[in-house]
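The following pair of complexes shares a single chain, chain A, combined with chain B in the former and chain C in the latter.
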Partner chain A sequence: MQHYPILSIVTLFLGAFLTVIFGSKNETVRKFIALVASSISLILVLMLIKPVMIENNVIQYWMGNWRPIHDWAIGIGLEVDSLGLFFGIIAVVTIFLSIVFSFRYTEKDSETDKYYVLFLMLSGSVLGLVFTGDLFNMFVMIEIMTFAAVGLTAFRNYQEGALEAALKYLVLGSIGSSLVLAGTITIYSQVHTLNMAQISALLFNNLTPSTLFAFALLLAGYSLKAFVVPFHPAAPDAYMSAPSSISMAFSGMVNKAGVYAIIRLVYVLYHAMSFKSIQLLLIIIGTITMFVGVTMALAQNDFKRLLAFHSISQIGYVITAVGVSTALGLTAGLYHALNHTLFKGLLFLTAGAVFYATGTTDLNKLGGLAKKMPQTAAVFLIGAFSISGLPPFNGFVSKWLVYQATYQANLAPVTIVALLVSVMTLASFIKVAQSIFFGQMPKEFENVKEVPLSMRIPMWIMAILCVLTGIFPNFVTKYLISPAVSAALNVGKYIDIMMGNGYAEKILGKPVEIPAVDYVLAGYWNPVAWLVLFALLLLAVTIVAVAGGFNTASLPVDGDDSKYEVFFGGEANEYSHVKGNDLFWGLKYDLRHYFGFMHDAHSGIINDYALWAIFTTTIFIVYIFLLVP
Partner chain B sequence: MILVNYIACIILIVLGFYVILTKKNILKIIIGMGLVDYGINLLIISIGFNPGGTAPIFTFSELRPESFFVDPVPQALTLTSIVIGACVTAMALSLVIKIKEKYGTLDADKVRRLNG
Partner chain C sequence: MSNNRKVKDVIVKTAADLFTPIALVLGFYIILHGHLSPGGGFQGGVLVASAVILIYLGYGYSEVSKRFNMEFIKKNEALGAILFTVFGLAGILYGSVFFTNVFVGIGNVGDLISSGTIMFMNDSVGYKVLTGVGFLILLMIGLLAPDNEN
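Then we have the complex of A and B:
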C-alpha cells in the first residue's frame, strides 16, 4: 500500500518510455502500452481510496529511504493525504477515459506514437504533482506538465493556429514556471528545506517579508497554471487547437493541478486562510474569472473555444469557493472541481465526436446533427444541463453549495454574480445546442454517422458519472469531499506523518473539527425527487411523441407544400438554420462596448498576454505586502 | 562579494521580462525567456553560497574540523533547472521554425490568428 503512489506515477512514465522504444512502428503495441499503463495507474489509485479516504490514513514514502534525521527532512518524499488523493482520482479517471477515447479519435493522424508518449508524460506529471510532498518536485512536475501540454497542443500542427497556440502556451507557461521556481527558492533561502510538511510547520506564525514575497510569486505562478483570469488568454487558444481528448485532459487535470497547488499553498504551506485579505484576494480573482470567462464564451463561434472559456469560468467558481475558506466553502469548491472535470470532460469529448464526424467545430457551419448522432446529442445535453446547474445533474449540487457558502460568508454580491454567471452559462449552451444539434441540417452533413463505440463508451461513462454525482451528493461528500476538506483544514496530521509524531502538535495546537454537510440547508431540494420528476417528464414526452401527439407527420417534409417554407424577399429561402451568431444578438448589441473591449483585450499578441501576467503578479506582490500583516 | 550576484540576477530577470514585453520578434521573446531562466539560476546558486566554503565533495583525508561546504541542494536544483530551461528553449525554437514556415514571419503582431 505504501508503494502504490510511486508505482502509479512510475507506471505512466515507464509507459511513455516503452512507447518510444517499442511503439514507434506498430499502432497496436502503442495503444496496448497506453491502455495498460493508464489502467494500472487507475487501479492503484482507486485502491488507495479505502486506506486514505475511509480509514483516514496519510501515506508517506521517502524516495531511496532518505528519512528525516534529527527532525530535518533531507530526502524527497511522496505524501498522499486525502486532498492529494482527491485530485489524484480526478486525474486518473480523466487519463483513462481520454486514452480510451483517443484510440479511434486519432486514427486519421500520423505519428500517434508521439501523441501517446506526450500524453503519458502529461499524466504522470499531474499524478506526481498531486502526490509529491516536496516543493521543488512540484516545480519539476509542473514543468514537465507544461512541456508535454505544449507538445500536445501543437500535435495537429496542420490545423489553423495550433503552432501559434503552442507558442503562447509555452511563453506564458514558462513565465509561470519561472515565478514558481523563484518563489520556491526564496522559501528555501529562508527555511532551508524543501519538504512541504516541514515548511508548513516552520512558516506557521512566522512570516517574514521574504516568505511573503515567495507566497506572492508562488500564488501568481500556480494561478497561471490554473488559468485564472488575468493569466488565462493562452488557455482558450490551446484548448481550441489541441485534439479534443487533450482538451479534456487540460480542463480535467492540468487546470486542476493548478487549483490543487493553490489549495496546497494557501491552506497547507502558509496557513494563509486565517488572513481576511488572502481570502478576499482569492474571492476577487475567482469572481472576476467566472464573470469574464462566461461573457467571453457568449461571444464565441467555435465550439471548443466556447467550451474553453466556460472551463475558465467554472475554475472561477472553484477559486471563489476555496477562497471562502469555511468548511462549506471548501466542500463546494472541491465538489465543483470534481463536477467540472466530469461535465467539461464530457463536453470536450462531444466536441471531439462532432469534429470526428464532420471535420469542423465551427458553430456557424454545423446544424441538425441530433438526427444523425443521437447518442452524442444525448450526452451533450446531459453535459450542458450539468454545467448550467439544472437539477438533478451534478452542476446543480456544487453550484448550490457555492451560493450557500458565499451567502453564509456575507458575500451576497458574489452570490449574485455566481447566479448571473450560471444563467449566462445556460444561455450559451442553448446557443450551442441549437446551432449544432438542432435546427436545419446543412446539405454536406447528410452522410454523417454516429461515432464508433470506443468513443461513445467514455462519453457515456462521463454522462453516467455526471448523473450519479448529482443524485447521490451525500455519498460523494461523505467518501470523497469531506476527507479532502478535513485534510486541507487540519494540517497537523500532514506534518506529523512526514516528520514524526508530535512534531506538529507543539506548533499548531488542536485540530479543527469538520462539520458534516447534511444538505438540510439546501431547502426543498431533494435530488431523488428531481430525478423522478425528470424521468416522469421524459416518459410523458416520449409517450406523447410515440402516440403521435406532436403530429409531426402533418408538417410538410422536404417542401411538399411551399407555403410552409421560409421566404426572404419574395423568394423561398433554401437554407434557414438559426446559426450560433443569430442568437442573443440583442444582448451582444446592448453590451457591445463591453464585448468590444474584451475582444480587443484578447488581442492574440504574445507581448500583451505576457504583460497581463507580469502586471498581475506585481499587483499580487504589492497587495500581499500592503495588506497581509 | 555575494551582493553583486543578487544585483546581477535581478538585472538579468528584469531584462528578460523587458525583452518578453517589448520585443516583437518571437525569437527575441525566447531569448528573453532564457534570460529570466539564467537570472533565476544565478539566484539559486547565490542562495546556496557560503563565503569560503569548499565544494560539497570530500574524501576522508580532506575533511578537517574547520572546513565547511557550500549548500549542495541549490546546486542540484540549478542543474535540474538548467536542463529544463534547455528543453524549453529547444522546444520553443522548433515551434519558431514551424511558425516561420507557416506564417512566413516572426512578427508577434502578425502571428495572432487566434484572438477575441
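Then we have the complex of A and C:
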C-alpha cells in the first residue's frame, strides 16, 4: 500500500518511455502500452481509497529512505492525504477515459506515438503534483505538465491556430512557472527547507515580508495554471486547438492541478484562510472569473471555445467556494471540482464526437445532428443539464452548496452573481443544443454516422457518473469530499505524519486542534423526490401523448398532400436553420458595450496577455503586502 | 551566405579533430565518476553531446547527418530514462522504497564500483542527457542547414 502512489506515477512515465521505443512503428503496441499504463495507474489509485479516504490514514513516503534527521527534512517525500488523493482520483479517471476515447478519435492523425508519449507524461506529472509533499517537486511537475500540454496543444498543427495557441500557452505557462519558481526559492531562502509539512510548521505565525512576497508569487503562478480570469486568455485557444480528448484532460486535471495547488498553498502551507483579506481575494477573483467566463462563452461561435470559457467560469465557482473557507464552502468547492471534471469532460468528448463525425465544431455550420447521432445527443444533454445545474444532475448539488455556502457567509451579492452565471450557462447551452443537435440539418451532413463504440463508452461512463453523483450526494460527500475537507483543514496531522509525532505541537507552540467539521448541510434538497417528480411528469406526458391512440394515418404526411402546392400552401420551406449566432441577439445587443470591451480586451496578442499576467501579479503582491497581516 | 560554401577551414577542422576526443573522454569520465567527484550525469552528458557541435563546426551539416541516426538517438534517450526508472524500482524490489541505494557494501569506498545502484542511476542520467541534448543539437543544426543539403 505504501508503494502505490509512487508506482502509479512511475507507471505512467514508464509507459511514456516505452512508447518511444516500442510504439513508434506499430499503432496497436502504442495503444496497448497506453491502455495498460493508465489502467494500472487507475487501479493503484483506486485501491488507495480504502486506507486513505475511509480509514483516514495519510501515506508518507520518503524517496530513497531519506527520513528527517533531527527534525529536519532532508529528502524528497511523497505525502498522500485525502485532499491529494481526491484530486488524484479525478486525474486518473480522466486519464483512463481520455485514453480510451482517443483510440478511435486520433485514427486520422499521423504520428500518434508522440501523442501518447506526451499524454502519458502529462498524466504522470499531474499525479506527481497532487501526491508530492515537496514544494520544489511541485514546481518540477508543473513544468513537465506545462510543456507536455504545450506539445499536445500543437498536436494537430495542420489546424488553423494550433501553433499560435501553443505559443500563447508556452509564453503564459512559462510566466506562471517562473512565478512559481521565484516563490519557491524565496520560501527556501527564508525557511531553508522544501518539505511542505515543515514549511507549513515553520511559517505558522511567522510571516515575514519575504514569505508574504513568496505567497503572492506562488498564488499568482498557480492561479495562472488554473486559468482564473486575468490569466485565462491562453486557455480558450489551447482548449480549442487541442484534440478533444486533450481538452478533456486540460479541463479535467490540468486546471484541477492549479486548483489543488491553490488549496494546498492557502490552507496548508500558509494557514492563510484565517485572514479575512485572503478569503476576500479568492472570492473576488473567483467571482470575476465565473462572470467573465460565462459572458465570454455566450458570445462564442465555436463549440470547443465556448466549452473552454465555461471551463474558466466553473473554475471560478470552485475558487469562490474555496475562498469562503468554511467547511461548507470547501465542500462545495471540492464537489464542484469533481462535477466539473465529469460534466466538462463529457461535453468535451461530445465535441470530439461531433468533430469526428462532421469535421467541424463551428456552431453556425452544424445542425440537426440528433437524428444521426442519437447517443451523442443524449449524453450531450446530460452534460448540458449537469453544467447548467438542473436537478437531479450533479451540477445542481454542487451549485446549491456554493449558493448556500456564500449566503451563509453573508456574501449575498456573490450568491446572486453565482445564480446569474448559472442562468447564463443554461442559456448558452440552449444555444449549443439548438445549433448542433436540433433544428434543421444542413445538406452536407446527411451521411453522418454515430461515432464508434469505443468512443461512446467513455461518454456513457461520464454521463452515468454525472447522474450518480447528482442522485447520491450524501454518499459522495461522505466517502470522497468530507475526508478531503478535513484533510485540508487538519494541518497539524499533515505536519505530524511527515515530520514525526509531536513536531507540529513543538513548532506551533500549542496543541494541534482538530477542527470539527459539521456536515448537516446537503439535506436541504432531496434528489430522490425530484427524480420521482420527473418520472411522474414523464409518465403524464406519455399518457397524454398516447391518449389519442397510435393511429397517425389521419394526419397529413409531408409531400403527398396539397400543402406545398403553389397558390395553396405556399412553397416548400427552404433550409432555414436557426444558427447559434441568431439566439440571444437581444441580450448581446443590450450588453454590446460590455461585449465590445471584452472583445477589444481579448486582442489575441501575446504581449497584452503577458502584460495582464504581470499586472495582476503586481496587484496580488500589493494587495497582500497592504492587507494581510 | 556562409551556409552554402563548402567547409574547408583547416584551423576549425583541426581543432574539431583535436577537441572531439577530449570532449568525449572528459564527458564519459565525469559521467562515470559522478558518484565520487564533482559533476555527474547531466554535466558529463552535456559535454559528450557537445562533440556533435564540434563535428558540425568542423565538417558541416552533411557529415553530421551522415554520422548520426536521429531515430536511433531518440530511442536511446528513452532507454536511458527506462534504465533510470528500473534502477529506482530496484529499491522497491529489494524491500525498501523507491530510489533506495541497494548493493552499497560492494567495493571499497572511492573505487569506481563502490556505491551501489546510485552509480548506475547516475550513468543512466548521463546516457539520457547525452542522447537527449545530442538530439536537440542535431535538431537545431538541422534547422540551420540549407534546404539543398537536406
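Rule of thumb we're sticking to: the second predicted complex is superposed on the first by the 571 of 629 C-alpha atoms of A that agree within 3 Å, B and C clash if a C-alpha of one lies under 4 Å from a C-alpha of the other, contacts with A are read in each partner's own complex, and residues count from 1 in each chain.
One rule holds for everything that comes next: contacts are C-beta pairs under 8 Å (C-beta built on N, C-alpha and C of every residue); 3 or more make two chains touch, one makes a residue touch a chain.
In this text the structure is predicted, and so the values were computed from the model without any measurement.
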| query | Clash or fit: what happens to chain B and chain C when chain A is overlaid? | reply | fit
| message | Quick check on the superposed pair: does A:143 touch chain B, chain C, both, or neither? Answer first, second, both or neither. | response | first
| request: For A:108, select first, second, both or neither according to whether it touches chain B, chain C, the two together, or no partner. | output: neither
| task | Considering only touches as defined above, state whether A:67 meets chain B (first), chain C (second), both or neither. | result | neither
| task | Name the contact category of A:614: first (chain B only), second (chain C only), both, or neither. | result | first
| request: Name the chain, either chain B or chain C, that contacts more residues of chain A. | output: B
| said: After the superposition on A, what does A:592 contact: first (chain B), second (chain C), both or neither? | reply: neither
| said: Quick check on the superposed pair: does A:371 touch chain B, chain C, both, or neither? Answer first, second, both or neither. | reply: neither
| Touching A:13, do we find chain B (first), chain C (second), both, or neither? | second
| Thinking of the overlay built on chain A, is A:167 touched by chain B (first), by chain C (second), by both, or by neither? | first
| Smallest separation of CA atoms, chain C relative to chain B, angstrom | 7
| said: Under the stated contact criterion, what part of chain C meets chain A in this complex? | reply: 71, 74-75, 77-79, 81-82, 85, 88-89, 91-92, 96-101
| said: Could you list, by residue number, the parts of chain A that touch chain C in their complex? | reply: 2-3, 6-7, 10, 13-14, 17-18, 20-21, 24, 61-65
| field | chain B residues touching chain A - in the complex, by the definition given at the top | value | 13, 17, 20-24, 26, 29-30, 33, 36-37, 40, 43-44, 47, 71, 73-74, 77, 80-81, 84, 87-88, 91-92, 95-96, 98-99, 102-103, 108-109, 111-116
| said: Could you list, by residue number, the parts of chain A that touch chain B in their complex? | reply: 136, 140, 143, 147, 150-151, 154, 157, 160-161, 163-167, 170-171, 174-175, 177-178, 181-182, 185, 188-189, 192, 194, 236-237, 240-241, 299, 599, 602-607, 610-611, 614
